[in-house]
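Chains here go by letter, A, B, C and D, matching the order in which they are written, and residues are numbered from 1 within each.
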Amino acid sequence: MWKWLHPYANPETTYHLSDRVIPWFGWLSGSLLTIGLVWALLFAPADYQQGDSFRIFYLHVPAASLSMGIYLGMAIAALCGMVWQLKLSDAAVAALAPVGAVFTAIALFTGAAWGKPMWGTWWVWDARLTSELVLLFLYLGVIAINNAFEDKQMAGKAASIIALVGVINLPIIKYSVEWWNTLHQGATVSKLGKPAMSLEMFWPFVVCFLGFAFFVATVTCIRFKTEILLRNSSRPWVKNLMLEQAK
Amino acid sequence: MPWENNNTIEFISLFIALQSLSAQIYLETKQLTCIKQDRILFEDLNVQFRRGDIIQVAGPNGAGKTSLLRILAGLAQPYEGTIEFDQNNINEQLELYRQNLLYLGHLPGVKSELTAQENLEFQLSLHGYGNSDAEALLADVGLLAFEQSLAGQLSAGQNRRIALAQLWQSNAKVWILDEPFTAIDAKGVEAIEQKILEHANNGGCVILTTHQELNLPSNRVSRLELDYRF
Amino acid sequence: MEQGNVLSYFNLFKLVLSRDLKIALRHRDDVLNPLLFFIIIITLFPLGIGPEPQTLAKIAPGIIWVSALLATLLSLDRMFKSDYQDGALEQLLLSPYPSFIWVLAKVIAHWILTGIPLIITAPVLAGMLNLPTESFLATFWTLLLGTPVLSFIGAIGAALTVGLKKGGVLLSLIILPLYIPVLIFATSAIDAASYGLPYGGQLAIIGALLVGALTLTPFAITSALKVSTN
Amino acid sequence: MQFDSITAFLDMGGYGFFVWLSFGFGLIALLTLVLQSKSALKRAKSDIAKRIVTEQKQKLAAQQQNNHR
């Protein structure tokens, strides 16, 4: 059924594929980001309530949703690796984890910085920020276990298990934190909600989001190439590649 | 050539090979490849282990002998290739394969908090020999008066004898023994060698590694040489 | 070539469970250390926060449960470490039974040795923390349902880090985020009880987490063990 | 253009500090991610190249040993 996917299970073809695709993603994300950010910072209207501090929204929300999306992508790669014994999925998990961790950190920091003018304190135990913090710990767990083993094969399998266990627990953690938040939350603190989005605000958001998404694709492909090389360093195709590039 | 692989196979006598050719194949590896820490230990290994065979896996340290044995036992996964027991992949019928396998690794698997008898009884019942007489087996391996002493107070050689006592009871088709003679005295080694020969004669297949010379009839032992690859 | 009586699944479960309990009771410190750790941590909080009964009563549920979390985390390392070091884990992995059974037995043995002592000593410490008497029953129920979940989820981390020399810190980084749901619902159940509110809902959710962990984590633990013994 | 001058733009209606702090952190984080990824790739390539050289040396050394024996 997935016949067309089969050639990409072999590391060499995937390596060259990601090699070719990086410049496209790179230019795409670069242009989208410049257009999106200029649009968001200069031309998009300020929020009537939060004023110009609302512009952080164009960085915080894409980062938060991408951090969740990357974890999901990582878990899917881990699942494919476990089910079909694909060696490449370990490389994908190892490549995606740091990118996801960085985006979670950005989402956390911008969330705190956005909340300060509204709530007066840097850190508020808001449901979304707390879940984002737990997500960061889950990412750090995957990265830590990936570097804990000397043998790359074992490291890959262990990281996949933790990614899968994490993705099963993620919704449970998210809802228990939200439930915990409503339990202890006084009604006064307004949530970090997305105010009603007028069209002039929506389109710059979409462009920014796509820009960040392609940025993730670019960096992940670069890291993916590194992981493939590290995992196949004893294979002949890697040796020939090195000799060619050495010339 | 019933065995073809890129490792040199030292044949003792063609007659034995022809005679064993007809025997039933227990275990067969197909394009088996193992990579540890980015070093290829062995590549495209196609070996057949037949009924009545005693195979000594030989090679310098680091050549991948233990890794090969652990992969054959199903403890470790090879980088590529498959292992077949009775013509179907071991990963598909793990429990059946494990019923016909006895694996003794570097570590004896003996708990120091339990007595010798408790240890042996646990290991025997784990492999389905629950009702066998542990005391008699301990006597066979020269641990007559030590049944009730804690394994922690026994020497390494005695601990290994507790694990080796299973050989006197197990009639599993495939025995995989990783350096069974370490820390065993000469008399013990001799008894174990006889046990291996006896098991091979009545239809078992024994795969072992050892650094000392096996004094078994040389026409009964064939060697699988693994060389150190950079 | 078949062997004696193959164990039924329940006999295997009993065999492994009784072996683990026998080993642990042979040297008491394995049972006492997590318990003493639990008691010491709880006595630290009043020293840090001050002895006023009102503040202590308010934060008692959190203190009890965070200490229970840390005590379980401390004792997780012992679950597979000794079996890994003396080779018993390999023999268990090679036993001809689905590993779900003996993994279940080992985790329940660990819970009996660490979970139950926590449940027994918790009321005494709750009293010291001036916890309102209505919440004592709630504390008992949440610990009874919650500590097995801690053992099951923790066993995944223990199985993953058993092969590592300095796996302790890594174990807490991997496992503590997964303990958050149990912590939240358990402490809120005790809180609700102190106001006389019904806490059945929270207990039901912890029960659901328990059943989920009971059925799903052994598979993750098995594949984690296979990775560590690769 | 929402702002009539550069200073108004930088001031961001009084929230300039927070806006530029967030975007600054975002920029630095993403930049370090890209640079680290690129250098990791370069390092991996040079490590493998070095390993190939050492392997060949080991092979030569082993062969010379065999010839002497």
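By our rule, a residue touches a chain if its C-beta (ideal position, glycine included) is under 8 Å from a C-beta of that chain, and two chains touch if they have at least 3 such contacts.
All values reported here derive from a predicted model rather than from experimental measurement.
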Chain pair with the higher count of C-beta pairs in contact (B-D, B-C): B-C
Centroid spacing, where centroids are CA-atom means, of chain B and chain C in whole angstrom: 38
Gap in Å, rounded to a whole number, between the CA centres of chain D and chain B: 49
Euclidean distance of C-alpha centroids - chain A vs chain C, Å: 32
Rounded Å distance between chain A and chain D, as computed from the means of their C-alpha atoms: 17
Overlap residues in chain B, where contacts from two or more other chains coincide: 38, 77
Per-residue overlap in chain C, given as positions that touch at least 2 other chains: 230
Chain D: positions in contact with at least two other chains: 51
Overall pattern in which the protein chains touch one another (line/ring/star/complete/other): other
Pairs of chains found to touch, sorted by chain label: A-B, A-C, A-D, B-C, B-D
Chain B to chain D touching residues, read off their complex: 38, 230
Residue numbers on chain A that touch chain B, as the complex places them: 150-153, 233-234
Residues of chain C that touch chain A when the two form their complex: 156, 160-161, 163-164, 167, 170, 173-174, 176-178, 180-181, 184-185, 188, 209, 216, 220, 223-224, 227-228, 230
Residues of chain D that touch chain B when the two form their complex: 51, 55, 58-59, 62
Chain B residues within the chain A interface of the complex: 35-40, 77, 79
